[in-house]
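Presented sequentially are two complexes of subunit A, the first with subunit B as partner and the second with subunit C.
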Partner chain A sequence: MTLLSFARGPGMQLATLILIAGMFWRLSGILLLRRRVAHAAARNPFAARLLGGGVAIFTRTIPRRTFWPRVGAGVALSYVFHVGLFIVLFGGAPHILVIHEIFGVAWPDLPKGVVVVASGITLAALILLLVRRLTHPVLRLLSTPDDYISWVIVVLPVATGILLSGETVASYGTLLALHILSIEALMIWLPFGKLMHVSLVFAGRFMLGYNFSRKGAAT
Partner chain B sequence: MLARRGFGRRGLLKFAIAMTASLALPPGMATAMADNLAKARRQSVIWLSFQECTGCLETLLRTDSPTIAALIFDFISLDYQEALMAASGSAAELTLRQAVAANKGKYLLAIDGSVPVADGGVYSLTGGKANVSMLEEFAPDAAAILAIGSCAAYGGIPKAFPNPTGAVGVEDVISNKPIINIPGCPPIPEVLSAVLVYFVSFGRLPELDDKKRPVAYFGTTIHDQCYRRPFYDQGKFAKSFDDEGARQGWCLFELGCKGPTTHNACASLKWNDGTSFPIESGHGCLGCSEPDFWDQEGGFYTSLAGGTGPGWRDAGIAAVAGIAGGAAASFAARHKTPKPMPETTE
Partner chain C sequence: MNVISPPPVKEAPPPPDVAKALRGFIADVGPTVALSLESCVHCGQCAEACQFYVQTGDPRYTPIHKIELFKQTYNREMGPFSFAYKFLGLAPALTAETLTEWQDLVYDSCNMCGRCSLICPMGIDIADLVEQTRHGMYEAGLAPADFLGAIAEKEHLTGSPFGLTSEKFRDLLHEIGAAHNVEMHVDEAKAEIVPTVSSIDVKTYPGSMAAIAKILNHIGQPWSFRTDGFDADNVSLTAGDRAGQETISRGIINAAISCGARILVMPECGHSFTEMRWEAANAHGQDLPFRVLQITELVAESIQSGKIRVNKVKQAATYHDACQLSRRGGATAAPRVILAALGVDLHELEDAGDANWCCGGGGGVALIKRAQPLRDAAFAIKKKQIEASGAAIVYTSCSGCRQTLDHGGKAAGWSTTVGSLLELVADNLAL
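Take a look at the complex of A and B:
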């Protein structure tokens, strides 16, 4: 069995099963945690609390103006990398093809050049974010192995994807195998590290806004 | 002998130049090749057919390069080939023995077809003798072995799952002889011709890649030479075999073409006297010159971008297992934590 055959067969199956099991493990674990019953009367009606949660999803996407000088660069880089990753993931023809094969839905793809440029910008932003993490004294202190592992796990698919699009360094088959394997590594790691935020970020913001609204605080 | 057949020095040089170009050799090698060919003794070739469909032999015979074919048969002595020789039965067996004895240590052993090794190799016999036994008997006295076609090279279609005959390629049985693989289902006849000419000229096999294939023909992928490659680079893909993209000749990647991972010279040499090759005829490459091409993940019509994920049943089991694990972890946490979480919800 070649590396590519493994990546497209057993590797993909294993990674998908671990991703599914891990995601459900994390989500059910959170949902089934015991919560304290709030005895105080709510300051806002239920509909207002839902609205507060919904508003928080959007208001929390940008830091307060007061913090911009301190965190603006990091947030901007994060947005660049997230938007770039979104373009690559949902605009690249091969990625749409995979989604179509799994879920039966497809949409027009972006020109290859656009996707490659987006990949390059994404990679550059990721590298700058790592440099910032390593050079910022507080951020470096706060960093855990999860941060660095997650960084590597995200960078590898982007980097191998760029190499694959250019078909340089190694043969297409080898690069494709490495690209798929790097994505499988991401799938395996995703539920167990900070990358889990892909499924928790909006729910977390919503609950924050909901609870604030219940207490009568601004969201 | 060549002169008797009206094949002069000029013709030989032209042929040698064509061969050196085909083999990607330096131009200066053409003269040396012509000189060696002029002096060469006819090379004995013993061709054994094992577990095969005769397609490899058919493709060689049907090549539309008569001058090359005629020349090849002037340079080699095909001393044994069951399908082509007039003799049969014990007379054929005698011919084989005599050819081997007369050219001991010098003959080229050409094999087409896989070698079934399960149950003592009983699934393919010639004259009551198992193919694997014949290979083990005749390989030691050969100068080199040509594994012709994907079956001889890697086991090919007979090796496809579940491989009931235990089919393997030649190099899985013989490891102490120079072996050159010329895979393909069938292989390109001009490649076989060029390899034979190279061996006759220089007495050795040409440069090989890691799968023992001649680099001159298998050094690049179909994708790299494909005339539809510009459409791949532009992101223009046919979505079905009869859509507008297919009619426009766009790239067949999304329809399962294995050109990007297949090494062969189909896109440059083509077939039927350079008429076309499968992609030019509107079908994606099957990857027939790569090992285990029949069993590749996802089959012929799944794009290389995809693969084989788990079934919905397995995915469901994984989800249930995950929920069970999460619930267990959550309840364990409840038991462990004396006070509830500070988060307030109703």
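Take a look at the complex of A and C:
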């Protein structure tokens, strides 16, 4: 079995299994805890509270204007990375092909040059985010090994993807295997660390929006 | 020969009870709290919303860092991967040293104002987590002894933070009624509206009790103070004493039920509103059999329904939102309804309403002596904003905020007047 066939076969199966089981375990462990019923009369009816939760998912995407002077730069950098990753993931032709194979849906791809530039910008943003984390006193205090492991785990697919597009440092097969393995590493790590925010962000914002709507407070 | 007695040896406080802290932390963790504890991505934005970090630049004051011991305990004891955290040593066990180290972060440098909760991109209600953290700290014996812990203890034992008895309260009400020439209703068998008071009003602003009486007389529905449940301050909530918190609320709830109250009125006090409006029903086990309204809500409703008519005042003023009433309580609009009815030329503060800055004294910080420098640093933001508003008077609907603004203003040699919105209404009722 070659490295590529391992990555495409058992490696991917194992990573998918760990991803799904891990996410299920973590979400179950959170959501199945005994719920404390809020008995106080709500200011808003149930439907409005649901709406408040839904709205918070969107409104928490960007901080209130009053906070911009203090957090704007960090948020902007984070968005450059997230948007860049989104463009690469859903605009790159090979990725769309994989998604089509698995889910049966496809859409027009972006020109390869655009995707490569987006990859480069994403990688640059990731490096700047790491520098910021290493130098900002608050981020240094808050950071745990998870932050650095997650950074490496996200950088690897981006970096190997850039190398793969150029096919310069190794053969296509080897680079593709490394790229797939790096994605599998991300899938394996995701349920256990901060990358889990891909799902927790929606649950957390919704819960806060729902609870604050209950009080008639700003979400 | 002169014999000089050695000074009495001051006993060192007992070491924190680690086991009780652990139980206190995890006792009430449900899905919402667990989700919050699991979600942080360490972005640090909450620091930039916190007055203590903004004013000092000390990263220890980062809000999410203040609950780190709670988070570590959750991860180690009950999180989905607690087995890994425990056996791989990924989350250190609680120790007396770390609990002591975190005491000032959990108490002195947090107003529980919830500005951090407003900015968090993950939707973590950090202020709520601090409240939970204080439960564990209190159980461990780490509520700051002067004055927060001592006052909470007295409140737990007597029902009033300053040990005010029913008899003394009854006498006080009648004295105030006589002094202000206002009819007082006390311990009447039936009352539709039951007002409560804050111990700060009792100690410092007794005129506010006359103001409540004047307003309720004006509304004209049967009302009565109850001396068997009157002090809504609930210092226990801010100290982290869950049992005390429930005891205080239960006394007031029972008093209101006994006279058939339809509306329980919370005084000009932020945290008492949080407790009675949003938390007391949980200890009661069901929704309360009456409405709970903060006094500004009752006045605003009564103005809108025509039960209260007020004269116009020719005055330019600004308004300080109490965090527990606006951002944390959903009563941001009520004071503005009142100010508009009074015809006040309102000069809103920068960040007024839901994004307001705390006065610096909230969350029991006003009762921690050693926290004064931090409190002053937080107050400096509010002072700057009030001065920038150009108004010579600042009104508020929380006597805790009023006291902090009064003290801070005096220390700064301020010419700005701090006033109670309740008293402004009472002084301008249209007869």
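We take it that the second predicted complex is superposed on the first by the 219 of 219 C-alpha atoms of A that agree within 3 Å, B and C clash if a C-alpha of one lies under 4 Å from a C-alpha of the other, contacts with A are read in each partner's own complex, and residues count from 1 in each chain.
Criterion: a contact is a pair of C-beta atoms (placed from the backbone, for glycine too) under 8 Å apart; a residue touches a chain by one contact, two chains touch by 3 or more.
This is a predicted model, so every value here is computed, not measured.
When both complexes are overlaid on chain A, the residue A:V83 reaches neither subunit B nor subunit C. When the two structures are aligned on the shared chain, A:S5 is found in touch with subunit B, with no touch to subunit C. Of the two partner chains placed by superposition, A:V152 touches none, neither subunit B nor subunit C.
Contact with subunit B, but none with subunit C, is seen for A:D109 once the two complexes are overlaid on the shared chain.
Residue contacts after overlaying the shared chain place A:R140 against subunit C, while subunit B stays out of touching range.
When both complexes are overlaid on chain A, the residue A:I180 reaches subunit B alone and has no touch with subunit C.
Once the two complexes are laid over each other on the shared chain, residue contacts for A:L128 go to neither subunit B nor subunit C. In the superposition on chain A, A:A170 contacts neither subunit B nor subunit C.
With both structures placed on the common chain, the touch criterion links A:V37 to subunit B and to subunit C. Shared contact residues on subunit A (touching subunit B in one structure, subunit C in the other): 25-26, 28-38, 207, 211, 215. On subunit B, the positions that touch subunit A within their shared complex are 221, 223, 233-235, 237, 254, 260-261, 291-292, 296-298, 302-310, 314-315, 318-323, 325-327, 329-331, 333-334, 337, 340-346. Contact residues on subunit A toward subunit B in their complex (touch as defined above): 1-2, 4-5, 7-9, 12-13, 16-18, 20-38, 42, 93-95, 97-98, 101-102, 109-112, 171-173, 176, 180, 207, 210-211, 214-215. Residue ranges on subunit A touching subunit C, taken from their complex, read 25-26, 28-41, 43, 56, 60-61, 63-64, 66-67, 70-71, 74-75, 78, 136-144, 147, 192, 194, 196-197, 200-201, 203-209, 211-212, 215-218.
Of all residues in subunit C, those touching subunit A in their complex are 28-32, 34-36, 38-45, 47-49, 53-54, 57, 59-60, 62, 64-65, 79-81, 117-125, 277-282, 284-288, 291-292, 326-332, 350-351, 353-355.
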